[in-house]
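In what follows, structures are represented as structure tokens.
The same chain A turns up in both complexes below, where it pairs with chain B and then with chain C.
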Partner chain A sequence: MTMVAVRNLGRNKLRTLLTMCGVMVAIVTFVLLRTVLSAWTAAADFAAKDRVGTRHKVSFIMPLPKRYVQEVRDIPGVKSTAIANWFGGKDPKHETEFFATLAVEPKDFLDVYDEISVPEDQRESWFQNRTGAIVGDALAKKLGWKIGDRVTLIGTIFPGDWEFQISGIYTATRRSVDRSSFYFHYEYFNESPQATQAGMHDMVGWIVSRIDDPGRSADISKAIDVKFDERDVQTLSMSERAMNTSFIGMISAVLKAVDVVSLVILAIMVLILGNTVAMGVRERTHEYGVLRAIGFLPKHLVVFVLSEAVVVSTLGGVLGLLVSYPFVEKGVGLFLEENMGAFFPFFRIDPMTAVAALILAAALGLVAAALPAYTASQLKVVDALRRAG
Partner chain B sequence: MIPISYNVRSLFVRKATTIATALGIGLVVFVLSSALMLGKGIRDTLVTAGSSARALVLRKGSDTEMASGLDPNVVSLAMAAPGVKRDADGQLLGSPEVVVVIAMDKLGGADGMVSNILVRGVPPQVMKVRPEVRIVDGRPARPGTDEVIIGRGVRGRFKGLELESSFELKKNRPVRVVGVFEAAGSSFESEVWADIETLRTSFGRGSSASSVTLVLESPSAYDGLAAYLENDKQLGLEPMREAVYYDKQSEGTSLFISWLGGIIAFFFSVGAMIGAMITMYGAVSQRSKEVGTLRALGFSRSEVLLSFLIESSVLALIGGVLGAVASMGMTAVDFSMMNFATWQEITFSFDASPGIIFGSIAAGGAMGILGGFFPAIRAARLSPIEAMRD
Partner chain C sequence: MSGETSTTGELAAKGSANGTIVEAIKVRKTYLRGKEELAVLQDLDLTVHEGAFEALMGPSGSGKSTLLNLIAGLDRPSSGQIRVAGVDVGSLPERSRAKWRAANIGFIFQTYNMMPVLTALENVELPLLLANLSSKERRERAKTALEVVGLSERMQHYPRELSGGQEQRVAIARAIVTDPRLIVADEPTGDLDRKSADDVLKLLERLNTEFNKTIIMVTHDPAAAERAKKVHHLDKGALL
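Let's turn to the complex of A and B:
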């Protein structure tokens, strides 16, 4: 019987085609919006489970004394530590391009962030050159930087022109770091007059610790904070995942809005589908009357209507997915990764999203057709036959 | 011309289809209008803060107040620049301010959620420098004390930000909230204002400032002031019109919202047009006899075309008006989000304007016309004899 329903689709090819297009557009929009959501929250999902971040308790713009690092390293459970300082540099040739610039201690940093992958020779070259820097592959591509280039950055927080040399280009082996950052030597920053003038000599922005047991991140974080609680400068530690989650929380309203809108598009899809099915049912009232007269039961009519709707919606869903992959990942995704790489380092369709889209397309076909199907089943044979068209 | 009443009556005959299609277009117009209102709200909030009658002075090279730091002698030199207005008592209308961003616990969110609040240390004359700021609850803070006033946008959103409560700026530095202020809907309403000395001692800032805000004698006095300040390279200052500063700040955030809104609007519109198309094709095929009759009566092809175009636009406009009216309800909603430029959380609102509302309705109408175009052509090309035979 489903086959009969399917063949019915060919009766009004234009309408079937348009409806499938409608479903396709709705599904592509749905996938795009969900991907925006998941790309943003990916920072929390893919955050390293075995890293804990420690920063100033009061404000993220206030620094910690560098000597705290030794004490953090002594806390049981901490395997290795690294420091980082937010530098706030800008490329004068591309003033509007935002990217993170951080002063770090190279060996420790690469140890703690082992997903930052740098070829051996570039690594060594960076270690040797105090003015050297490693940059993400996406950033290097966007700004046209190559290994060996001398670049000058303008300091927005620490004024002046800062000279660097590109020692290496890194790639990310996991999604827990972005590909658009600029890392240079902490020593180079620390010895500068600007650092001293800003009261930042021997001060660090935050400390990152690699811990031995991911399950104990909350305990270890607490242990770190307790240690510095009585000092003048107190700390706030939490797992990298918690840190990213709270950061995402700051834009939670936007995420919520995107979430709602992605559901609204599905509602619109149901309306379009339902409308189409209802029109079809209305047109075939006479035929349904004939079918009932020759012995088909109401439930058969329901199956006819439902299966026709589900086939259209599922086909539309499949089409939507087929269009989504190139459009979202290659089109929009590439654009975002290159231009807003700091916020969207990885714009890929989550498999869960694809599965959900397909299931929703089919299920909503059912939902949309429910009312018209019921109407069809309730037809009185005599009335139906009386209708001419 | 075929009377419009024919179209309107036809719409009512097929109630369910009309409602479904109108709802669909209504939803699209609702989303479109809301997105535009949010974009406007963001620009209004961030841009209102800046006035063209004021100049903001930062350290050269710093993009934001947070990143800038000015020595005390530089501050006094900036205040003494030509073009700065004096009040009735002859006092210079300039306000050196210290800006700090602190983490505070959010209320009403998940446990332990913190967000960033901008705390501004202000001198006693700040209210004269920013006359758009008014206390709406409680009273002003007394200079030199631990009293603070909070912006209307953050009241009740964070732990400790309510009248008569106190919170700690940092350990052992408590402050008390004595008043709530509004500032013409600008981003200042998302800030906490404390006494500048209290903030300086709490955060060890000595006598320095993050920025100096100067009231200009007149908007045209800016050029003279800027030239004076920029001429002395040793000062290392960067003056700008306050309006320009806030404009730049809002760029990133509002651009992002516009981009997101634009993509959504585009796809939704396509969906709505497809919906309208399906409906109108259905209408045309269902009423082919009527169309045949109309043509036999003497109405021309173009009159039939026009009639169906009118029908689809009336349908779209019904939905559009519904959607636009519903979107007006969004003006009561407050939207708080992080300003990408300064990392602080700002409260935005959805700002309606006649342009946005009517524009959205018009967009809905356009969707109806575009969607109904091909079906209308088909109706116009029906041959009367065949149509009547159907």
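Let's turn to the complex of A and C:
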């Protein structure tokens, strides 16, 4: 009987195709949104285990005194420290391109972030050049920057034109760093009149410490915070993983919304599919009357209607998955990994998402066809035969 | 067509003890139109013997299709009794009636009612999906039925590739594939040209004479009715 249901798919090929395409689009969207969620969560998993971040206790956006850096460095278990200041620069030639611009102390920074790989000569050149900067290979490729290029950024937080020279292009040996960032000398920033005017002279955005034992990150974090507990500016320290997780926590409402949207799309698809199935059932009322006349039972009609809907939705789901892999992994995924690597270090479809999508596609058909199937099963033979065939 | 698939042999034997296969006793059928009760059949009595080929004629609304539906177990009488092969069809619950129809009744409709996505052979095989047969057995029986109606060359054709007359012959093959003792035909030539109608009627005659099928046919066509051995005229729900 399922064979008959499958053959029925060829009855109105255009409708079947469009329905399958509808399911396909819903599944691609579902897979994409689910992958956003899983990739975002996965970012925390890629965090270095031997790094502890320290920020202002109140908020990320409030700075810490630079003098804290040495005090953090003196805490037992801390091997090295680095500072970073969010600069908020923008390339006027590529106004719409977003990339992170951070003021750092080059040697300390590369020591703490040892997964950032810069060729030795470029590294030395950066150390020597006060206006030098290193950029990620993905960003350099996107904006067409080469070593030695002079670039001017506009400060969105610290106004004015800021001149830089590209000293090096870095790559990442692990997925814990973004390949689209722009790092320049803290000294260049700190001595600028804009930093003084903004009250940021000798202030840093946050401190990152490399510790000797990843298992002690909680204790060391606590030790750092205790040290500054009685000061005017208190700190909040946590492992890099916890920091990433807390960042995810900050955007949990967005993630929840993404989660809900992915389900709403499927719910809409249920309604559309249900309408299509109901239309088919209405058109075949007379035919169902004939089937009932020759001895088929109401349950057989239920099987016909349900199997047809489930086959269409499952095929749509398979099609959706086939499209999802190149679309999500080769298209959107590559783009996000290159351009927003810090948030989406590994944008790949989780096998569980693929399985869930396929099961949901089949369930979609089942739920959508439930009411039309029930309607078909309740048809009175004589009434159904009376309807125009 | 040997009768191997009939599952009601015992009942049939009982029904045919006196040669009667269909017996309508004081059958009344009413419908509600709004609050008004409309009597379509009024205390109708009818007896059809085994091996008969009988036609029901009458103007539209005379109740002939309603009577045919009651005999075929598609509907229940409001009062009275319809006995087919000894079985009080109206008293059977819905599920049992469906099974009874599958085993005992062959249906021929005016508009053929083939499933467009199935070939002629698959359409004929359809009622056998309800029987406990292997797919090979089903296929063999469907082929035999198509041979009987002279369409063995068209087995793999889809309904859209067949003429109206050929489609109706496939419908007849579908009606006889379960080897029912009673065939009910509702305007079987209504949609056909004269030549095709004649072919279909010849086929029905052959099923009646060669295979001893009892046939009850509703028709408006006097030429079709002439081919029946007996003609009943209905008017306003009563036999004349």
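Points worth noting:
Keep this in mind: the second predicted complex is superposed on the first by the 201 of 389 C-alpha atoms of A that agree within 3 Å, B and C clash if a C-alpha of one lies under 4 Å from a C-alpha of the other, contacts with A are read in each partner's own complex, and residues count from 1 in each chain.
In this text, a contact is a pair of C-beta atoms (placed from the backbone, for glycine too) under 8 Å apart; a residue touches a chain by one contact, two chains touch by 3 or more.
On a predicted model such as this, the values are computed, not experimentally measured, just so you know.
Contacts of A:286 after superposition: chain C is touched, whereas chain B is not reached. When both complexes are overlaid on chain A, the residue A:295 reaches chain C alone and has no touch with chain B.
Taking chain A as the reference chain, the count of touched residues is higher for B when chain B and chain C are set side by side.
By the touch criterion defined above, A:33 reaches chain B but does not reach chain C. In the superposed model, A:160 makes contact with chain B only, not with chain C. Shared-chain residue A:382: touches chain C; no touch with chain B.
Once the two complexes are overlaid on the shared chain, A:4 sits against chain C while remaining clear of chain B. Using the contact criterion defined above for the overlaid structures, shared-chain residue A:323 touches neither chain B nor chain C, since it reaches no partner. Only residues 1, 4, 7-8, 10-11, 286-287, 290-297, 300, 381-382, 385, 389 of chain A touch chain C when the two sit together in their complex. Partner chain B is touched in their complex by these residues of chain A: 12, 14-15, 18-19, 21-22, 25-26, 28-29, 32-33, 36, 57-62, 88, 90, 98, 154-157, 159-160, 198-199, 232, 234, 236, 246, 249-254, 257-258, 261, 264-265, 267-269, 271-272, 274-276, 278-279, 283, 332, 340. Touching chain A in their complex are the following residues of chain B: 16-17, 20-21, 23-24, 27-28, 31, 59-64, 66-67, 69, 100-103, 106, 109-110, 112-116, 169-171, 203-204, 236, 252, 256-257, 260, 263-264, 267-268, 270-272, 274-275, 277-279, 281-282, 285-286, 335-338, 343, 345. For chain C in complex with chain A, the residues that touch the partner chain are 69, 72, 74-75, 95, 98-99, 101-103, 107, 109, 111, 113, 115-118, 122, 126-127, 129-130, 174.
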